[in-house]
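After this come two complexes, each holding subunit A, first together with subunit B and then together with subunit C.
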Partner chain A sequence: MKANDVFGDDLVATLPQITTIGVDIGSRQAKAALIGGGSVHTAITASGVDSQETADRLVNRLLRQAGVTRDDLGFVVGTGYGRIALSYEDVPTTIVTEISCHAMGAHALNRGTRTIIDIGGQDAKAIRVDPENGRVIEFIMNDKCAAGTGRFLERIAELLGYTLEELGERSLESGKKIDISSQCVVFAESEVISLKAKGERPQDIAAAIHLASARRVRNLVNRLGLDPEIVFCGGVSNNLGMKQALESLVGHPFTTPKLDMVYAGAVGAAVLAQRHYQAGHA
Partner chain B sequence: MTNSLFSADLLPIHALIEAEQQAFIADEGGRKRAGYFCAYTPPEILNAAGLRHARLFKAGSPEIVSQGERYTQSVFCDFSKSCIGAFDKEGGDPFYHAVDKLYTFHTCASMKRAAEVIEQFVPTTLLNLPRLRNEAASRDFFRSEILHYRDDVAELVGRAVTDSEVSAQIALYNKVRRLLRDFSELRKRPNPPLTGLDFLELVRGFYYLPPATLLTAYEKLYQKLARTHDDGSRPIRLMISGSIMADGDRRLVELIEREIGARVVVEDHCTGYRPFAHTLREDGDPFAALADGYLDQAPCARMKPLDDSLDFSTGLAEEYGVDGVIYVYLKFCACYGVSKLEFLDRLTASGVPVLEISSDYSVSDIGQLKTRVEAFLEVLQGQRDDRIETNSKEHVHG
Partner chain C sequence: MASDAIFAEQGLNLLELAHVRTHKGPIHTSEALDSQLSYIEETRKAHGYSRAVDRLFDLVLSYVYDHEASWQEGKNVIWTSAPLFPVFYANDVLPIPISELGRLGSADALTAAEDTFHLPKESCSMVASILGEFYLRSGRTPPRLVVYNGQCEPLNLGWELLKDQGFDVFRIEAVNRPNVADDAARVAQLQSFFIDDIKQVSLWLTGKQIDENRLAAEIKRANRIIGKLRRILRLRLHNPLYLRSLATMYTLAGLSTYFGKPEAYEDVLDELIEEFEANAAAPIPTGKLVRLAWVGGRGQEFGVYKTIDDAGGAVTAWHNADDWTRDYREDLPPLEAYADFIITGRTLGSPVRQQQRIEEFLPEFGAQGILFYGYIGCSFGSVHREIQADYFHRQGVPSIFLEGSFQVGPASGQILTRVRAFIEMLTR
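Let's look at the complex of A and B:
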């Protein structure tokens, strides 16, 4: 994609003429973005056991896509759970948390962003972003509880016989409101099983699960204020059922940027890599 | 343990603490051994009676937690579970098994119930601590509870504990508290000569070492630290506020100081700076002095009014010039978990960024903990860079 379309002319004008890559190694999926030559390229793969190997694969794919070589790379920023393992001898690299990267990514992709709700494979967080510069003002992140996260939804989809994509889509067909009281993954699972046994339709159960999860996320992030414009990031942002449930609870529609927001962290990392290069860290 | 645990030269003190614990377990000298849980228990009385004594706040091991969990519901905090687990005859901790008598002032519901479970393992005296710290009636009542405590201690050692003995201990402990304050004062320097981990070790010493031993060792170290030269580095300054940080619960501070390179410069919790902020009256009735002194100390969030705790917390953050506060409470903590919003809102309103962390003694969440703390420090570093930039711009234009 053309950088001007994705980011807008004003941001692109501030970037140096250099190729950078952001790598976001998540708990379930690894994402990477390349900025350079007036374009933005993205790549995604399942997170492997070895973060460095996963990252190398993504980097090579992006270099091929963009038709550039490793020597053209000015800077790499690594982020996500696997970030600690990342290092390159031949390219200047730094590590930034996914919280700062998501903020910068959502800012670069949508200048008016004030709040980010990010739900990934294992965690949910909300970030208040400075619309002036894409920096984090404040954030809240869940602790060990997995309710509402990607892994949880995967498990529920299995139980209902859906793929992960279907889970969100089908929940929109729900015609009946069921209450799921449990806030806990383990108990919600057994609640789903007994609802199935009672003969409830999977569409209705899926909708109920999304609402319960969204409520849990809303309670977690409420303290931040959730000012619009709100952008929904992370792997779960592609789940339409979750998006709708969250929007109705928060009371604002979310702004949808031009790029799949599973890449928000990787894009933010690539933008930060541009800034690092600019600041002479290279 | 190696020297790299501490940045200051704390190994001799660390060794003293270990030796004292061994002596406690081995019953060297045959003195009776008393333990207590909470910073509202005056050790002055225990020391006046010539007891060997220690605050029992070892925790942090998931095994001990699960040992204690056999006696409680899951919704007790990991600290209270650890207290039970450590006293449990199977498994448990030899240091706790060596205790002849446990004294505990009723603080939060979990710890009160924990003490009632522990009664089956060790003779325990449960005493009352009034909540309304500013009422005259609270002071009279607390004084009478301290007299019960003294009588109980006297019975344990088989001799009277005199007023003048207690007065002498108040003066001695005041000296120690003042010295710990002086140590903490050094952390107000832009480049503190001791880390947060160092200070926690000094506090640990306060709760295990006899005050006379402590004074000799600590005064020497203080002189040395006070002369430390500033090497020019300006680490990000943090305050930790919230629940108890047990002896053995170091993972957050280790993460902050050893992995990320920021500094904890002050603690608003009962196992850091907080218990040393106050000096007791040294004249008149020693029991009234203890009652007033312990109620007037920087309050735990279980005390009322909560505003006193909030005022202390925000005041301390300002006094130590911190860049941010990490508010950390144990899951299910009935005091700090429930009043968290008041703390977060008040600190935020005073202009200090706050990171909220709910914690326990498991190890599986270290990745998430690290992400949160690192991201918080990225925010603080960004704000600091902005301030520097603004200042230099103002300088140019001014």
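Let's look at the complex of A and C:
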């Protein structure tokens, strides 16, 4: 994709003419983005057990896609839970938290972003962003409760006999409101099994699960203070059921940038890599 | 059973655990201890330029073991959670703070608490860790405890459970003065009650009345040490990385205990002051350092302290259990001075009063944000933190909650992510 189409001319004009990569090793999926030659390239794969090996694979894939060599790489920023393990001897590299990277990524992809809801494989975050520069103003992270995270939704999809993609889509077909009372993933799973046994339709259970999970995330946003425009990032952002439940509870539609927001962290990391290069950190 | 496997790996099964009093050889709590020790060792290496820090960690690391050895030699050694260290030293009693069990506590201790005391996993990790660790150390550690019942009810229940395990427990009844505007008669009543507690515990410890002249000397020493710590914290402002965050936490922790060796601890403080005054430069460039306030428990996840330093931060304003902000009154008779210090502390310890002190020290220590630290499952601390965080949020001071476990081990990646992100945010 052309960088101007994805980021807009104003941001692209501020970037140095150098190739950088952002690598976001999440708990479930590893994502990477390359910015260079006026284009943006992305790649995704399962995180695997060896963060460095996964990152190497993504970097090589991006270099091939972009038609550049490793020598052309000016800077790499690693982020995500696997960032600690990342290192490259031949390329200047630094690590930045996924919170800062998501903020910068959402800003780069949608300049008016003020609030980010990021739901990944194992946690959920609400981040307030400075629309002037994409810096974090404030954030709240829920890493104690797995409700609504990608891993939880995978488990619920399995219980309901759906693929992860189907879970969100089918929940939109719900015609009946069911209450999920449990706040805990483990008990919510038991509740889903009970509801199935009672003969409730999987679509209705799926909608109820999304609503219950969205309530937890809405609480994060409420604590932070809602400030539109809101952008939904992370792997769960592609779940239509969760998006609809969150929009309904938060009371504001989410802005949808031109790029799949599962890449927000990686894109933010690549933009920050450009900034690091610009600042002479290479 | 999972715990069977855990202990089997370490050569100790549940059957043996049940007979741990007769178990010989090293205590099987080293698994997680190693990881805490590695943070201490790394901090020590990072301070290779400072003889004072090296000596400080000698005191830290030898504390429990030296005192357990002293007890085995027949000396009067106790475990304690009571803020009575000058009283203990005045009675020639060697105290070990129960909080040190946090450093020693391991997955084994929590398993023992779960299996022996039937504490579910979601219980407070501090209570579980303490009970489990005492159980595992039973027979090789002093069996006498002086505890302060003003901490929390789950701990108070824990002391009762330890009595059943053969521990001899003396409970100091807390004196609460939540209302700063109490009249003089009420304050006198509280002081009298607490003084009686001090006399009773002294009798229980030694069979003798406390020597008030010795207590007066200990109060002088305490004030001298508090003054030295204040000096260090203020000298450190000019060069925070000379004494990194974990080392500073331990320097302050000594205020409450002297690590069992008052003279040696005071020597370390003197040497540290000399090093600061000699303007010894830290070998690490400070760049744009983010100065922070730490409020709450000392924390057992030492990775948090390291992450703060590594991410470009430094804790400069400290508000934990080690109160360096107040002196004992030397114009009062020693028992009265001691009671006054404790009772006033209880007043200052209320969340609203404490927040005034936090706010007062933010500008002096240049703190740009606050790290509130509490233990998982501690409802008391979480209420305090909510009140204070809300207040500072309204004042425009950023803060973050860190919830840790009393069970030692490496900090979870997510806590470290939050710490790092908080510092990144403040670096703007």
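By our rule, the second predicted complex is superposed on the first by the 282 of 282 C-alpha atoms of A that agree within 3 Å, B and C clash if a C-alpha of one lies under 4 Å from a C-alpha of the other, contacts with A are read in each partner's own complex, and residues count from 1 in each chain.
The working rule: contacts are C-beta pairs under 8 Å (C-beta built on N, C-alpha and C of every residue); 3 or more make two chains touch, one makes a residue touch a chain.
Just so it is clear, the model here is predicted, and its values are computed rather than measured.
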Do subunit B and subunit C fit side by side on subunit A after the overlay, or clash? clash
According to the stated criteria, A:E158 is in contact with first (subunit B), second (subunit C), both, or neither; which is it? neither
Scan A:E98 for contacts with subunit B and subunit C and give back first, second, both or neither. both
Once the shared chain is lined up, is A:D123 touching subunit B (first), subunit C (second), both, or neither of them? both
Classify the contacts of A:E173 with the two partner chains as first (subunit B alone), second (subunit C alone), both, or neither. neither
What part of subunit A is shared between its subunit B contacts and its subunit C contacts? 81, 96-100, 123, 135-139, 141, 143-144
For subunit C, which residues count as touching subunit A in their complex? 398, 403, 412-415, 417-418, 420-421, 424-425, 428
Footprint of subunit B on subunit A - complex, ascending: 81, 96-100, 122-123, 135-144, 223
In the complex with subunit C, residue positions of subunit A that touch it: 81, 84, 96-100, 123, 130, 135-139, 141, 143-144
Contact residues on subunit B for subunit A in the complex? 341, 344, 353, 356-358, 362, 364-365, 367-368, 371-372, 374-376, 378-379, 382
